[in-house]
């Protein structure tokens, strides 16, 4: 009577999981479908299954295609280690390293790709089904998806392993999905960590998604989901978190570290929350609201923007200047309360030269409420180092002997009206038409 | 030497788990008790056990009775899918559906019930023990409890499968409990998802609890617990989260979707936090504080109240009118800061006809501090649809071309004194006796 | 082909896990190292392994030493129960108790210790490696580490089992670590729950760490980590959460209960967040910022300080008086917004006698922004009880019939300048030099 719905990839008779785990998992899925054929047997019939991946190095040459609900794929180890640090270590030191590669229950994405392939073809896991109902309750838990290498992107701007480009995606959901869970995963060196279309009641919780071109992309449209308690950090070309036409998204308790072009990018997102995150970036445009993002809440977040301290990425940025704002808003009736902003830069690096940097910039839309935000801005001598970790820790801990930097705490453009700006800067620091927006200056200390 | 404390329900010799998993689990618990008899064997003796439920459809005819500590019951799949959508799909379309039922490690609650049975008799899992110590560290993880059907509730208001009534409970804790954990579960189509008495240091984390009459009920009294990072949505008769006489409860990072009568209902709760949640409802009374709820913190939440867009539930509500408030407070010294409220309704649907809707209503109690909340209220043409998902997404994403709705942002009744209301509405929008309460109007933009 | 990287301690041929699980795990680690020797075999080579500990009582006489990456150690049960309640129950009642000891997958720390042993020698798990890279992705999940007994600390202040002293540590990380995970653990009766040096991208999530001398200590320096969603409560001598020279730490969604000397203690911590926690303490100094802690965010927290209600610990405190502040800040440019503070004490117990208690005290540093905090202070008749649980619940739920206590809501010392204090107390309640700090009084209600 022992369950047939529990599979171990190392015990399945078809294929060799170390050579091509994709073939093995596809064979298991075919087995599940061949056994679970009837939709209504005594009030059940298609309970799905679990596929277990013990710790090990598993090459994936064949894309896994998932078109059944209630499939759980789980490992015992998210296996993240920094490939970026390793690839930027001089090769003569590699022999002395204890280990070179990520580990845990680790999938090495070896899918052969052509230049002109559609994006989804580079996905290790491709989830798609037409018809009804939407796929439900597919779960990914506690394994590692490693894209192995980045490659020359043709720009010549960086060495190939620093390009964040390889055409690979960890998890790609191409059709509408409901109640999916992605938890305790480790994603590394993928151009797209996960790209998910049309999500409903999605959980992305407690993952480690770093050194990817983009980390989390919610595309198309969707609703009522959460991105919570993750460690996330995209590359300079992409987004740590991206959402499109989404309603009711809760982004909270994430620690988003550099060097994503944006920590969070919203495109037409409404009635969602960005609360209680720690956001750290090396560029402006940390949080961006594009295309009429409305009625969103941004509160209790810690924003830190400072300089890239690690030698291999010096001189690289996301192309935005210091007038763009750390938080850039297009849309109506958003709420921005009780955030801390630190802007720690060297005056010499400010773009355009001589500009007064902007912390919050409201580009368009009416009725935004921006209240009780604390902006700290200081001028530092940026230090750099060949050691990724110590460079960053040193920079983070340096708060003394710094000179105050003059900033515009809030800039409201002329296209935007009827906003309310309270206790978020002095009369000089808040730049807007104060006859068409409401304003109360933060009281300033005496000398 | 292989452990005897690991059980797989599909490998246990007593009973058939597919026919009655209750009999199997009760037999396993009896085995644990027969083996772990001595309370002090070399500083141990009663470590408990784990019972594993692989993915599959398991009928439960016999109630599981748990009276030992340190029992973990776990599956590999929360298995949620929307039964509500399925039951409201025309039956002629069922043949084309990929699957009809929830899945994962799924328990089908088939307990035979009589009309006059006590509530606990309808529980799939009944936890109870007298004497000392309290039961500790029972854990439920990553399986599905499915109540299968709702039934005619005699009101004739809805079709039976939409009644949220069937007398069934997923997890019922009848005596004091300590350090319990309920995580990664899927609960669906139960009248009560979980009802827990006298909880201490309880963790309810990262579950999916929806399409239940009530989702989470903490009853009697309790302390120092957390309800975090869940996806929750009760039916129109019940509560998504309910707590009674509780101190030190932390409710955070939950995404609570419609259509619960209340998203969160506190009855005599003190010194607790509702912070950083996304709350969405179709009715007033989203968060209610009854019976002297005091010294609680409500901050950084996103409240959205709009209209039911899905055809099968049109015309149904929780009986409260628009003067009740989205947040309704009875009690002293509560703190309400930095929340966003959106009220998106059609003027024609406001009750009583012609009334000015209320966002926050303070009914009684003194010393409440309500500060820096942003209220957005617009009049929309409510649209409805036969498709649950697309109807809701469409409604969520519609923010344009809407006309501002006149509301009372804060109403303090005469029985309530010495409150402080700051930056939460204009002089007209905040209705109270301003001689006995403190007030500062939000500065208003010019024309 | 079945995986060799999955180990069950009860099935390993070397040692007896019930007598000394340390010997067994060390033997397994040696096996992993003997099998995984090459750092670069087909882009892999050292994936690590998982070691499973089924529920049971496992004595640990030999310290486990971990010097490999990608090792996961996991159980099926965090197994917490209150040893404190048991040891303070009269011994004649023990025979009637259902169980005496914690359970789950439980490790009993029996390491023989000498008085003069270095601290790390008392650790059940000691993680250390020199060279590069840092150890990565070691994971601990869902088991119990029990220190069994506290012992006479020579002070005579408490009975030995209440001393929180025994020289034992659960998890001790002695060298730099990256992407470690500690989740779903239960730690009890250890002098140090976990002490971790030089952490990067650390996850401490969803654990139960209580009745330990100190719960979580992040030492040395570190960055970009999270302590989230834990239930925590240290002893009166130590810290529930301690961090040293850390940048980018996110502490959120924790429920920290008494009786730690501090709930959270920061030593030279910068650009970090304490947001959205529930903090409860019996002493002042709940949250302390020492040694120039700068640019940190403290928001949306619930602070409750009341009196010890449980007989065995009456008269014990952390040595701080009521002028110290519940939140005590040394440092620059910190942000404190939207917190609730309740101070519920008996006037007769205030130290120094007749003093006006302080809620927030800024000791040194400039540019702190303290805004929109709500302070509630009442004088109560403290009640005590022999029953730990009911004493605390009674105290928590008592909010009525209490008399208001006069407090200083914010005290800024003369050494600290250029701070901004808004809506956090009346002109009388905020004590500072208002010519060198900015101030706006909370509007006060009329009589």
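Going in written order, the chains are labelled A, B and C, and every chain counts its residues from 1.
Following the convention adopted for this analysis, contacts are C-beta pairs under 8 Å (C-beta built on N, C-alpha and C of every residue); 3 or more make two chains touch, one makes a residue touch a chain.
Not measured: the values here are computed from a predicted model.
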Superposition rotation for chain B onto chain C, Cα-based, multiple of 5° = 120
With over half of the numbers shared counting as same, classify the chain A/chain C interface as same or different.
-> different
CA centroids of chain A and chain C: separation to the nearest Å works out as 29
Residues of chain B touching at least two other chains = 229, 252-253, 275-276, 299-300, 337-338, 372
What residues of chain A sit close enough to touch chain C in their complex?
-> 8, 10-11, 16-17, 54-57, 59, 76-82, 85-86, 89, 93-94, 96-106, 108, 148, 184, 186, 206, 208, 210, 229, 231, 252-253, 255, 257, 275-278, 280, 299-302, 304, 337-340, 342, 372, 374, 376, 389, 392-393, 395-397, 399-400, 423, 442-447
Given the complex with chain A, which residues does chain C contribute to the contact?
-> 1-3, 5-6, 39-50, 68-70, 72, 74, 129, 131-134, 136-137, 139, 176, 178-179, 181, 183, 200-201, 203, 205, 221-226, 228-229, 245, 247-250, 252-253, 268, 270-273, 275-276, 292, 294-297, 299-300, 331-333, 335, 337-338, 367, 369, 371-372, 417-420, 422, 435-440
